[in-house]
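Here come two complexes built around chain A, the first alongside chain B, the second alongside chain C.
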Partner chain A sequence: MLTTPSKKQPMLFFPEFRNWESAWALEALYVVAYEIRILAERADRELAFNGKSPEKLKGAGSFLMKVFGVLAGKGPKRVGALYVTCQLFKIYFKLGTVNLCRSVIRSIETARIFDFEEFPKRDKVTYMYYTGRLEVFNENFPAADHKLSYALMHCHPHNEANIRMILKYLIPVKLSIGVLPKDWLLEKYGLVEYNNVIQALKRGDLRLLREALEEHEDRFLRSGVFLVLEKLELQVYQRLLKKIYIIQKQRDPSKAHQMKLEVIVKALKWLEIDMDLDEVECIVAILIYKNLVKGYFAHKSKVVVLSKQDPFPKLNSKPVNS
Partner chain B sequence: MQASDVRPLPVLEDTLAYLLNLLDSTDHPFEVVHDFIFDRTRSIRQDLSMQNIVDDKSIYMYEKMVKFHVISHLKLQRCGSSPNISSVHYLNMEQLTKALTSLYNLYDANRDSSTVYRNEAEFRSLYVLLHLDSNSQPMGESLSLWFHCVPHPIIRSKEMCFARSVLRFYQMGNYVRFFSTISAEASYLQYCILELYMSKVRALSLSYINNAGYKLHPYPLVHLSKLLKMKESDLEVLCNACGLETCADEMENKLLPTKQTTFCCPKEGFQSYNFMGLEQFER
Partner chain C sequence: MKFSLPEKKLPSKNTQRPAKRQHLAGGLNAANNDASSDSDKEQSLTAYYSSAISIANTPEEKKRRESRSKRFEKGQGHRAEINYLKQKNAGAGNLYSRRASALMISKSFDDSGSKAVEDIDWDALTVKGTCQEIEKRYLRLTSAPDPSSVRPEEVLEKALLMVQNSQKNYLYKCDQLKSIRQDLTVQRIQNQLTVKVYETHARLSLEAGDLPEYNQCQSQLKTLYAEGIEGCDMEFAAYNLLCVILHSNNNRDLVSSMSRLTEGSKKDKAVKHALAVRAAVTSGNYVMFFRLYEDAPNLNSCLMDLYVEKMRYRAVSCMSRSYRPTIPVSYIARVLGFCRTSDANDEDSDGSGLVECLEWMKAHGACLASDDGGEIQLDTKASSSSLYMPEPEDAVAHGDANLAVNDFLTRTSL
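Up next is the complex of A and B:
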């Protein structure tokens, strides 16, 4: 039973550590940092179980910030700063106080003391994973892609659990910029919740996308990717219109570039989705505005006229225009 | 601190009831009424927090105070555009978010009892509506993270589903469903928060139509005004405010010619227009 998580031990070790000029005790510091987080988590669980307010993890966070401060100097100890940063990330993510990550990130990324390449690989991967996740929450897809891809590339290929965690966030990001993962990837790492989302994108099946989001709503909300996946609707609409275009082209190539809004309404009705002409016109206008469709709509004739060249431009790894 | 410095709960409750009664008074301009109630409700909140009153009664009081700030959020906007008003508006938003955060903490703290707070779903939905714009985060946390901590029954509630639909339509730019959904389902409080987004969505619809519409088919304003739930005359004013010209056909129907190059959102922001179909909220 933990009544006072060992705050005493690090309090004895730490001031001594501060005074040592070389970095010989870094490995010991890593152990202390790790243990303090784990013990604080356990202590909080116990406190909550006994109906008391869980504050130990928060305290561990404050302590580690001080440790970070000591490491963020010019000496050889600075190489340990990223490890402590990652412990802080884990604490803040667990507590939900993710905005506290900002100040640490600023120190790492803008202070001239640190050369990112100097840090151990393991810490760099963890760091990029967490900062990548933050970019996902803020919907900065190019930045999220860059960071999570880095983490994936440098992660040990046998560490399947970690690869799975990275992919869980990288996949929605890639989907948002129009890149679809291969089926074997989802199967190998057990990410079946994305199966139907990807099928919907391939087929232009709006109903399937909505069903997939509803089926895994809790999971997606918990991991924070739900809103990202919801936005894929526009790409699904694009795909649906493209399919209609292809069918029209097979029937009568000379008239294929003109699509009656009524036909789109019918296609959606087949998917059991009720949309009136006004809403379809609105969606078409959005698709054209955001460059997912090239052409124009004629209100009086209730028709979309597609450009004869490349009417459905690909995203090319860029997010949908806002 | 002496006993006489602190007001007992029944006194606080009576004070709050008296203050909120003043909201409907027409003897004074709204800014004056708002100012009076603003200071006094803040001191009530300080009293509650000092005395550590964190039970049901506190919840009901906080709900009423948040309601005051939400209604002020709307009414202050309509008070005109003197520089003073915009700082009053900003301060009101600050207290709105503070009070709302405290209210959520109270809901969470009282979660164990079997009471279901009737208004919790609506007040939680306001958080979503305050954060429709991914660029402006008045309460600091991205929506994706926030949904983490919302209890399951609240996520499934009618009010939360409404807010999430509105979020979806807003972020996609689906002006048709944005307005039809609000018209059909918004509560008064939800409407108060949403009104400030409406002109933006309306302007966006103009930019879509202007960008994607066929040059030889100018868009009929009367039709668009119905979709945007506004008066045709107001729509004409909005077009002009966005740098767009309108024209008329032989039968004097007003039209919006497309492919105009002069579209531009007014820098001073938008005025608000009446919402056709929700006149009961226009008080």
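Up next is the complex of A and C:
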């Protein structure tokens, strides 16, 4: 039996560990916690392969929750709590039960015995990475930006695999608050799937955005950023209208601030996107509603009347109004 | 805007009690009317309760009760969600009749101290039925049933056909289908008939707006499809997507559901429609949403019904901030699905859609004005600060026919 040895060994180790006041056994604890998760993952793969229900990883999660409880007390052992927390995160993310992260996060961030700065740097980076991912799910982009940026800044510069993992989430977050990454960054870390998304944003090319999302749909869905990227559509529309505005301004500055709906329809048609007046009118209304366009829509004359001051405001690191 | 009404303050809950009391009284009357079998009935009831009590005390039963109560928590969440969306609307009678049915069914769920048929461990109790009755009332079981009260597969096929052809209301059909499901479960029958039964019940519950019942059927269908039993899995993949999109409002569940779609299912018409609805909801594109609503395959529009109110409110809020100085109410009625367009006639022929829209606007605090030509307009500037989502109204006060007292009396004599 694959799981018998691992099941017995920690049972002998942890009751003793509970009684130790000093932290000298933390390294051993780390190894045991890590091995429990790895072995549970392997056991579940084998169970699933044999047609049985894979439950070892879930059991490992329950067990590590108890370990967390042992560490979460006064005394030098508590600095090990963040490592166990990160192992729990890996388990919950794998199982798809990320709601279970909430109680652990609450302990780490509110319990008085924990001072975040006391934890080992490596564990803080991992913690910020996973909690940043949770904020992406919640579409709390400022918080996600803060956490993922922290993880990126404190990540070891030579660990390119980890940097890539962080950027995979940080880039969509930055895009959502109007910040575009440098081309060399994508190239260096092999994040080619974001190339056309960024080009679409620069050009106001809605067709290119849709093609990019469709091409990498499986990848974006698996990582959980598809919905975030899809919402960039409004920014692409904003960019398109801004380009029309710039062209109009060059032709006739005195009429630049009035944009006919049918002109937008034609621009979209040029991008091979067929939309009728009603639909484009709706898009324009949404852009104004969310403050991506400043002005108003005159329904009777079918004209967007743009503000003479800064009709296409930048996001300035703030997310689009929801 | 988000509501956080405590469960106890829901007025509809209090109003349900008199109806329930009536139902019990009806039951007793039925028993009294049958004097010849009075003593037999009393004895069987005694046996039923004594066995129920003995089972209730076992540790295994306690565990099942816990898992059951957890599912109730989920169910109640759905019911609360449904209540928030209710409001008076003459043109949406069908919607409210479905809601009322759902309330009744949900309430009967809450009142029972027992467990759903799918929660019982039937492996230990598998029986072979001999009953030949096509029509049979649903009676919750807590112990092994008498084989003479369980219908074999060929009889269940006839029973399903009977339900499908019946003209009776949702409550009756729900009762009969739960009985059929129970007979399938106690006999451990899992085949195409089982799939058909759950699909039929799921569709009826969607039409009735009974989301808890729908979720139960959907859960079973997922298992049955996964075992390779043929059915309308594309149709139900679309319903499942719409449920996640419109009711659970959970990004992780949504991404999971989308990830699980195969290339084949993404090409299916119903699934494609559901994905387009999702995109419209995500971006707040009300024009697209109501076009999809108009052109929905299968029962996709039944699930969309529960989002119509919210989408209309979002749309009018958006218009109030974006349009100046006014926008015609006739335009709003057209793009927000108040007017039913048809091939023959593009206009709202009898004007009822416009009237319905006006009523909706007034109920939500919109400011209206007439223009020089006499056409009614939405005053966008004034409306942007006066709009509100009204409190949901009591469905029973709405005079829903499905809650007629007669149904409870006739039901007892099935």
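Here is the rule we use: the second predicted complex is superposed on the first by the 319 of 322 C-alpha atoms of A that agree within 3 Å, B and C clash if a C-alpha of one lies under 4 Å from a C-alpha of the other, contacts with A are read in each partner's own complex, and residues count from 1 in each chain.
Definition applied: contacts are C-beta pairs under 8 Å (C-beta built on N, C-alpha and C of every residue); 3 or more make two chains touch, one makes a residue touch a chain.
This structure is a prediction, so every number in the text was calculated from the model and none was measured.
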item: Three-chain arrangement built on chain A, chain B and chain C clash or fit; value: clash
item: Chain B versus chain C as contact partner of A:286, first or second or both or neither; value: both
item: First (chain B), second (chain C), both or neither touched by A:230; value: both
item: First, second, both or neither for A:301, with chain B first and chain C second; value: first
item: Chain B versus chain C as contact partner of A:116, first or second or both or neither; value: neither
item: Partner chain in contact with A:139 - chain B first, chain C second, else both or neither; value: both
item: Single chain C stretch clashing with chain B - from 9-17, 27-35 or 45-53; value: 9-17
item: Footprint overlap on chain A, comparing chain B with chain C; value: 96, 98, 137-139, 218, 221-222, 224, 226-227, 230-231, 233-234, 278-279, 282-286, 288-289, 296-299, 305
item: Touch list for chain A against partner chain C, complex; value: 96, 98, 137-139, 218, 221-222, 224, 226-227, 230-231, 233-234, 278-279, 281-286, 288-289, 296-299, 305
item: Partner chain A, residues of chain C touching it in the complex; value: 251-252, 254-256, 258-259, 279, 282-288, 317-319, 321-324, 326-328, 331, 335
item: Residues on chain B engaged by chain A in the complex (per definition of touch); value: 134, 140-145, 147-149, 152, 155, 167-168, 171-177, 205, 207-209, 211-217, 219-220, 227
item: Of all residues in chain A, those that touch chain B in their complex; value: 96, 98-99, 136-139, 218, 221-222, 224-228, 230-231, 233-234, 278-279, 282-286, 288-289, 296-301, 305
